[in-house]
Structures are given as structure tokens and as C-alpha cells.
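Same chain, two partners: subunit A is paired with subunit B first, then with subunit C.
Presenting the complex of A and B:
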């Protein structure tokens, strides 16, 4: 068995199993938690509009802070959209998902993928640089932040290297690419990347709570 | 005394014109990306060279590699190969059989000890003392070890002798291995392919006779001149891959338009071979040009890398059962954790 066979075979199988286990464990564990009883008189009878409002309002810079936060948020948008284009728009990736789920959708031309890949790569590097330079962000950051950055960066970097045949033979680069994806899958449920699954749940609950209390959102 | 077996003389004897010989040398030199002057140097060297003594051993094989060589599209190519070499032992092609054949082999091995080229096709069974393939009562393993001793170099022709090939495929009932799994102390060149392209075999033979050594080899001991690029790197359908245009079935609009065969399981991106440039049948076409994806036949374990029709990125194993089991396990553990924490929450609020 060569490295590529190992990556495509046992490495992916184990990574997918750990990912599935971790995701369902954490989601079930969180969603089945008991809510704290709220004995106060609700200001509004229905709270879900608040959930929606907060999900949207928190996705946009606050006018008061726009000068401070716009750059960081713009960066965030750039690399998230870039990642989505690369992960869900590239034909080999779609075939991978089709193999797992049976779902299929149209792919984008490679030029667009490579361009978004390059932009994503750049944005991710700037994001890391900002975290290292910004005194407050730096103070707030722990291993989880850096490692989550790394496991996100690695597949993009290795994917671009594989396509460019840079640094090693293609099959080796591809194997490293797949192994980096395996690492991402394994870390995903247990670190801050889990925000991808929980971000709207937490914003929604906060929004619903605010609505009930009649706070401005 | 016999006149020495010089290639030039034998060419004259068999009526091969200087012109077609030069044409052959030019073609070989250009195939191997040698400078134009090398064609003349090669012609000169080849003409004066002694015909290279070759011992060809066939082990667990289907004779496809020999077929590929001897039925090469271009009869001059085939004829020239056999002019370049003095094929002293080849079970399929020689007239002699039985004891006479074996003693011819031993004689040739003795006469050109240290100088002959050993060509091997087929893999070597190692299980149960190698009983699964024997010649004249001698196991392939023992025959290979004996013949390798006096060889100047070994050329493994075909994927079976290069990497184990089809006999090596799971579950490998005979314990088949490649030549380089057994012989460690000789220069070995692998010319894989199922079968290899005839001009590739001819090219490396011409190179060995001209320069007296093997050409530069890659990490899997394949001649770099022919195995430097993947099929995908040189594929004429590559622009369609880059535009994201794929045939979805073998007879849809995309297939008729000649779009990329990636989704139909083409293994071109991870296969190193010269099919896309040298092509087959004298340069007529190659499998992808005929509408079928590459099988990856020149790569190790090509038979065990999933279906030929499964796209490359589809994971090799069927992961559904294990993912389902893992997800169910996760739900169970998550639910248990939630139940415990609910109990904990209740007991805290009761304490208050």
C-alpha cells in the first residue's frame, strides 16, 4: 500500500468515522441539554423573530464599531466564501461528496477554483498575521485557535501545491492533501471549527432570549 | 573463426536499408528527448556494437508483453529490435524446447557472463516454495536468482515483473512479487505497462546498447524519458478537465464532444506512462482517444485501486457502515452525556 492508497483508504475511513462520531456526540450533547427555566414575564410572546434578527445583525459590522471591525469581518467573509467555492465547487471534491452521500451538483471551472484557492490562502495568512499582531486578539488566542487555523490552511495549501505539482511528485502531494483533510475532519468536532455547526444555534438562542426580554437586537 | 556478431553486418544480411535504420535511430532519439545529433551517434554506435546478448525469462505472465513487442504495428521496429539483440533464450519465440532449450540458456549465460541483459516478464510466486510456476522443474525464484548473477542489468518488462501486477492483486494466492523484491544487487529498470508500449521497449534497448548503461530512472526505477509525466499532464482532453466539462456516461453528449473522462473513472492524473505522447499502434491513438479512461496499468497495485469506472476521489472503501455506526455511537454518547448533565442540573436546582 502506498501513501496515496493509505490516505484514500484507512486514513479517510477513520477520519470520517471520528468526524461522524464527534459531530453527533457534541450536537446531541448540546441540543439535549436542559434549558434553564425562565420565570420572568416575557415581553414578547414569540421569540423566534429575535433569533432570526440576531443571526442577521451579528453577521454584519455594528455601525458604532465599523471602523474597527470591518477589516476583520471582510477577511472572514473572503476566506469563508473562498473555502465554500473550493470545497463545494471543484469537480473532484463534488465527486468525493457524491461518493459519500449520493448527492450531485454542477461544478465550477478550475480557473475559478484556483483563483478562489489563491485568494483564500492569502486571506488565511493575513488572518493569522492579524491574530499575531493584534494585542487583544493575541491575548485571547489559545492552542485551539492556532491549530484550527492550521487544519483549515493545510488542505488549501496542499491542494494548491498538488495542482501546481510543486515540491514533490503529484501522487505524494495528493496523498498529503488527503491526509490534511483527514486531520481537519478529526479535529473539526472537538475544536473551534465546530462553530460551523453551532454558530447559528448559539446566535439564534441569544436572539430568542433577547426578544423575550425585549432587549434591542 | 566466425566473424563477430556485429549489428551492422546483421542489418546488411537481413536487408534493412541504411535509411530505415537511420529513421529508427532518429525516432528513438527523439522519443527519448536526446539531441538530434544523438541519432547519428546512436546509429554509429549501434552499427558497430556487438549484438547484445539477451536472456528473456517469462514467469507468471500472460504473454501480452511479448505480444505487444512482437506484434508491434511497425514491422521494421520489431525486426530492428531482434537485429539489435541476440535473443539467446525466450520460451515463446525460440524453436528449441526441453533439454535443448535449457542447455542453450546455460550456454549463453556462460558465454556472456557479466554482460548479458536479462529481460523478465511476469511476476515471481514465492508461496509454498514457489511451486506455482516452474520451468524444467526449477522454480521461477531460483531461475531468476541464478540468471541475475551473470546479468549486466535487468529489465523488468510489464507491470507484473515491475510491481507484481495482476498475479500480485488481492488476495495474491501465489505470493507473487516483482523482480526488484528479490534481486537487490543489480541495476534494474522497470518498464511497466499492461502491456508496455513497444516503442518504449525498443527505445530503452537501443539506449542500453548505445550507451552501455540504463537510462536515468525515476523513484520506481522507470526510465524517466518515458515516465516523467502523467497521462493527465499530456492528455489532449486536459482543456476539458480544466474547463470542468466531463462526460457523465460513455454515450452522452459530453462523451460525443470528447470531454474529459475523469468522472467515468479515468486514472490518468495518477498514472505515469507515455501513452498520451507516443500512443499505440504506431501512433494511431491511445485508450483515452478511443473514448475509455486510463486504467492506470503502469502503476503499482493498479488492480487493487478500486473499480476502473469509479472516479478517483471516491474513497476506496465503502465507508457507509462505519460512518453510520460512528454516528449512532456519537448520538448514544451525546444523549448519555445530556442525561447525566440534566440529572446534575436537577440536583443543583433542588439543593437551592
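Presenting the complex of A and C:
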């Protein structure tokens, strides 16, 4: 078995298994905890609209905050959208997802993919630089922050190298790319990348609780 | 330190413009003589004790984006990163991951998260108490929607049980538990005050009526420092012709047990008020101009009681708004411009956002909103017990300047709020900065402008 076969075979299979198990374990570990009944007289009888409202509205900054957060949030938007385009728009990725799920969708032209990839890498480098320089981010950051950055950056970087045939044989580059994706999948449930799922749980919980009180969300 | 030493070691400054105890120098406070290891263990146990699915979700969700700093007056005013809201939870996050999270076994086995030390907790005392007013502004900026203020409240439970509370806050909370009120407003003092206030102001003040439709409560700050609120409340309730009373077995609405993080003391204070209201057979409990009293009773009261309360709970501003809208409350027009300071616990976190505005509208005054207002208002810096803590004065004054600027920019003639703790903080800030603005009470304003009958 050569490196590419290993990456495509056991590495990816195991990574997906760990990903699935980790996601389930962490979500269950949180969601199955007790929820206490709330006997206070609600201001708004139905609270789920608050959950929906916060899940949507928290995606852009409020007027009161925009001046202080615009830069960070713009960066966030750039690399998340870039990631989504590259992950879900590139023809070979779609083939991979079809193999996994049976679903199929049209791909984007390669030129757009490469441009998005480059912009994403650039934005991620700025994200890292900011984390290293900004006093608040420096204080908050721990291993999880840097490692999560690395496992996000690596698949994009190795993917770009593979399509550009830069640095090694294509098969080797592709194998490294797939291994980096495996690493991303393995780390995903254990660190902060889990936010991709938790963002809905967390925003939704606060939205519902606050709507009940009529508090600001 | 035993409770007997408290009064002598940390005498209350009852004659000062704000009450607290004297001990301004920087220090870490400890209560009791628990060994350090046991303190840490106790702090963590009580922190995770009340953990439900929601708090766990919050603990798991932070992505360290740092945005919460940009909402907090203590960070904005000082630019010191340690005042980043979520950093205030750091030892508790560490402990949660190690002891309680879904992967706790892995963290422990590989020692990925170290055990929290008592030195850490001592250092964090300043972050969890002195520099957090529980105002919840950070909650509104967090992209993950984490209610950071609620987590600080939970962390205070752990700190309290471990005896790691700033002395001033602990001393007033302990006194409230012992005497029924944090500032010496014992039932006897309260009744006497009501008597002389009734005489001086020629107003009927009902105390301890056996049966009443409405029970009114007060905050100790009002009883001791702004007794005009007692008169104003009485005038208005009389004006409305209601069958109402104060109760000497339940008049204190502040809850320093809650602020300091002592659940047992919180329960006791709330139950007094609940039982007194039930004993009077009242259908309505009116909470005074106090922010945290609203959160404690309106949103936590029923959960402490264990079932829905058999009476309605309204903040005084909500009560005034209802009666303004119904036309029962008649006031003389007040043609002035004013700006309104939203008390965080009533407005942003309590949901009574429009009520004071309806009252101001009813008064015929012109309201000029601050640039950041309603749910997004800036905290006065004194909530969450912070105004009692002397060593926090310097950062509190720094934070207060944000508020002063917002108010000055409105150019309004009058400055009004509906929380006596905010008012106390404003009085202190006004004094400190020789500021030309005096904080007024919405309740007083209504009472002073009642139409003659």
C-alpha cells in the first residue's frame, strides 16, 4: 500500500469514524444534561422565535459594536466563505462527497476555486497574525486556537500545492492533502472547530431564554 | 474570620454617601479558615453543581475570538486585556474541561488541563467581582451567543462557598442574612422610618396591614439613603386608591446573597418577600427601583419557590407604565428634556425596556435617547455589587466616564433612571468628577408631579 492508498483508505476511514464518534459524544455530553424547568411567568409565551432570531441576527454586528469589530468579522467572513467555496465547489471534492453520501451538485469553475483558495490562505494568515499581535487574543489563545488554525490552514495550503504540482510528485502531494483533511476531521470534535455545530446550540439557547424574558438579544 | 469579627474588622460606613466597609488597600480576601486545597475543591464543586445543559453549552462554545472585550466598559475604559469578559472565567473553564466536560477523562488522564490553584482563584477574585457588574453587555456581542454574565454569576457561587469574596460584599451579604437587610435597615428601623416619614410628609404609609391587594417592597439603599422613595411609592399607591401595604416581615428587595454568590442566603431573602406577599393575600408585588432585585424576584423568584408564584411581580416602572396607559395615574405636564439611563438588570436583561419610556411619555417630558441605549446601554459601572468594593473604585471611575460622555452628548436637561443602585453610583461619580449632572429617580418624578385630586 503506497502513501496515497493509505491516505484514501484507512486514514480517511478512521478519521471519519473518529469525527462521527467525537461529534456525537461531545454533543450528547452537553445536550443530555438536565434542563431545569422555569416557573417564572414568561413575558413572551413562545420562546423559539427568539432562538431563530438570535441565530440569524448575531451573524452581523450591531450598529453599536460595528466600529470595534468590523475588521475581525470581515476577516471571518472572508475565510469562512472561501472555505465553503473551496470545500463544496471544487469538482473533485464533489465527487468525494457523492461517494460518501450519494448527493451531487454542480461545481464551480476552477479559476474561482483557485482564487478563493488563495484569498482564504491570505485571510487565514492575517487571522493568525492578528491572534499573535492583538493583546486580548494573545491572552486568550491556547494550544487549541493555534492547532485549530493549523488544521484549517493545512488542507487549503496542501490542496493548492497539489493542483499547482509544486514541491513533489502529484500523488505524494495529494496524499499529504488527504492526510491533512484526516487530521482536520480527527481534531474537529475535540477543539474549538466544534463551533460549527455549537454555534446553533449556543445562540439558540440564549435566544430562547432571553425571548422568554423579553430581554435584549 | 468568624461572623462575630466582621463588624469590628470591617465596620460599615453607614454615614458615607455610599455604604460599604473600609478597607481600600489592594488585597485578596478570604473568609473562614479552610485549607487552600479544600477551597479550590469547594469552589469547583459549587461551580459545576448548578450546571445544566445551557451552562455546559456556553463553556464548550467559546472560540476565543476576543470580541466580548469590545462590549465591556471595564476593558474599553482600561484597554487591559485581563478585563476581557470570557477571561474572567478562565480558571472555571479550565476546571470545567478537567472535571466535568464530555472529554474530562481525557483531559485528566493526560493532564492537558492543570488543576486550578488557590493562587489563581485569589487572582481571579478581582476579575469575577471588582470588574464585572453582571451587566450582560458582552452577552450581546458574542458571536456564539454565550451569556457570559450568567457564567460569572455561577462562578461566584463557587467563590462564595470557598470563602473567596471581597470583604465588603461578603460583609453586607452576611449582614443581610443576619439582620434582614444589608445596611442596618432592620424591621424595627424600617417601621420607625415609615412612621416619621409619614409624619414629616403628611402621607399615609401603610405597614403590616393584615390583608392587602398590593404589597410594595423597598431596597435598603432607598430605606437608608433615599427614603424619599418610600414616600413617593406611598403617595402614588394612595393616589391610585389601592389597598396596599409594606410588610415588616418582607420589605427588603435587594439580594446580596445573589450578588455575592450565596444560594442559601439568596433563597432566604427571596422567600421572606414571597411569604410576606402571600401572607397579605396580595395579587401583586411591586419591586422597587433596584436592578438586581428585579432579576432576583421577577425571573428567579418562582424557581426558588419551586412553582409559579401566586401573585404578579412588577418593577415599579412597569407598574407606573401600566397605570399611565390605563389613565389611572394622572400627572401634571413636565415640559423638560430628559435622558434615561437603562438599569441593566431591568432593561437589557430583564425585558422591561419600554415601560420607563411610556412613563416619561406620560409625564409629557421630551426623551432624548443616548447614542447607545435600551438593551445596548452602557452600565453605570456599579452593579453586581461593584459599587460596594472600595479597591475597585479606580476602574469603576474609569468606566463611569463612558457613561458621562454618553449623557453629556444628549444635552438633556434632566437625567433619570429607575434603579437606586445606579443612582448611588451616579451620585458617587458626580461627586468624584464634580460633574454637573444629578441622577434623578423616575419614581420621585412621578410622585412629585401627581395631579391634585
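Assume the second predicted complex is superposed on the first by the 217 of 217 C-alpha atoms of A that agree within 3 Å, B and C clash if a C-alpha of one lies under 4 Å from a C-alpha of the other, contacts with A are read in each partner's own complex, and residues count from 1 in each chain.
Here is the rule we use: contacts are C-beta pairs under 8 Å (C-beta built on N, C-alpha and C of every residue); 3 or more make two chains touch, one makes a residue touch a chain.
Since this is a predicted model, take the numbers as computed values, not measurements.
Novice: What does the overlay on subunit A give for subunit B and subunit C, a clash or a fit?
Specialist: Overlaying the two structures gives subunit B and subunit C room side by side.
Novice: In the overlaid three-chain picture, which partner chain does A:199 touch, first (subunit B) or second (subunit C), both, or neither?
Specialist: So A:199 only meets subunit C here.
Novice: Where does A:70 make contact in the superposed view: on subunit B (first), on subunit C (second), on both, or on neither?
Specialist: Touch partners of A:70: none, neither subunit B nor subunit C.
Novice: Which touches a greater number of subunit A residues, subunit B or subunit C?
Specialist: The partner making contact with more of subunit A's residues is C.
Novice: In the overlaid three-chain picture, which partner chain does A:33 touch, first (subunit B) or second (subunit C), both, or neither?
Specialist: Both partners, subunit B and subunit C.
Novice: According to the stated criteria, A:174 is in contact with first (subunit B), second (subunit C), both, or neither; which is it?
Specialist: A:174 contacts subunit B only, not subunit C.
Novice: Does the superposition put A:25 against subunit B (first), subunit C (second), both, or neither?
Specialist: both
Novice: If we overlay the two complexes on their shared chain A, which of subunit B and subunit C does A:216 touch? Say first, second, both or neither.
Specialist: second
Novice: In the overlaid three-chain picture, which partner chain does A:96 touch, first (subunit B) or second (subunit C), both, or neither?
Specialist: A:96: touches subunit B, not subunit C.
Novice: Figure out whether A:41 sits in contact with subunit B (first) or subunit C (second), or with both, or with neither.
Specialist: A:41 sits against subunit C, while subunit B stays out of touch.
Novice: Between subunit B and subunit C, once the two complexes are placed on the common chain, what is the minimum CA to CA distance in Å?
Specialist: Result, nearest C-alpha distance in the overlay: 6 Å.
Novice: Indicate the residue numbers of subunit A shared between its subunit B interface and its subunit C interface, in ascending order.
Specialist: Residues common to the subunit A contacts of subunit C and of subunit B are 25-26, 28-34, listed in rising order.
Novice: Report the residues of subunit A in contact with subunit C in the complex, numbered from low to high.
Specialist: Residue list for subunit A touching subunit C: 25-26, 28-41, 43, 54-55, 58-59, 61-62, 64-65, 68-69, 72-73, 76, 134-142, 144-145, 190, 192, 194-195, 198-199, 201-207, 209, 213-217.
Novice: Once bound in the complex, which stretches of subunit C touch subunit A?
Specialist: 51-54, 56-58, 60-67, 69-71, 75, 79, 81-82, 84, 86-87, 101-103, 139-147, 298-303, 305-309, 312-313, 347-353, 372, 374-376
Novice: Enumerate the contact residues on subunit B facing subunit A in the complex.
Specialist: 219, 230, 241-244, 246, 262-263, 269-270, 300-301, 304-305, 310-317, 319-320, 322-331, 333-335, 337-339, 341-342, 345-346
Novice: State the interface residues of subunit A toward subunit B in the complex, per the touch definition above.
Specialist: 1-2, 4-5, 8-10, 12-13, 16-34, 91-93, 95-96, 98-100, 107-111, 169-171, 174
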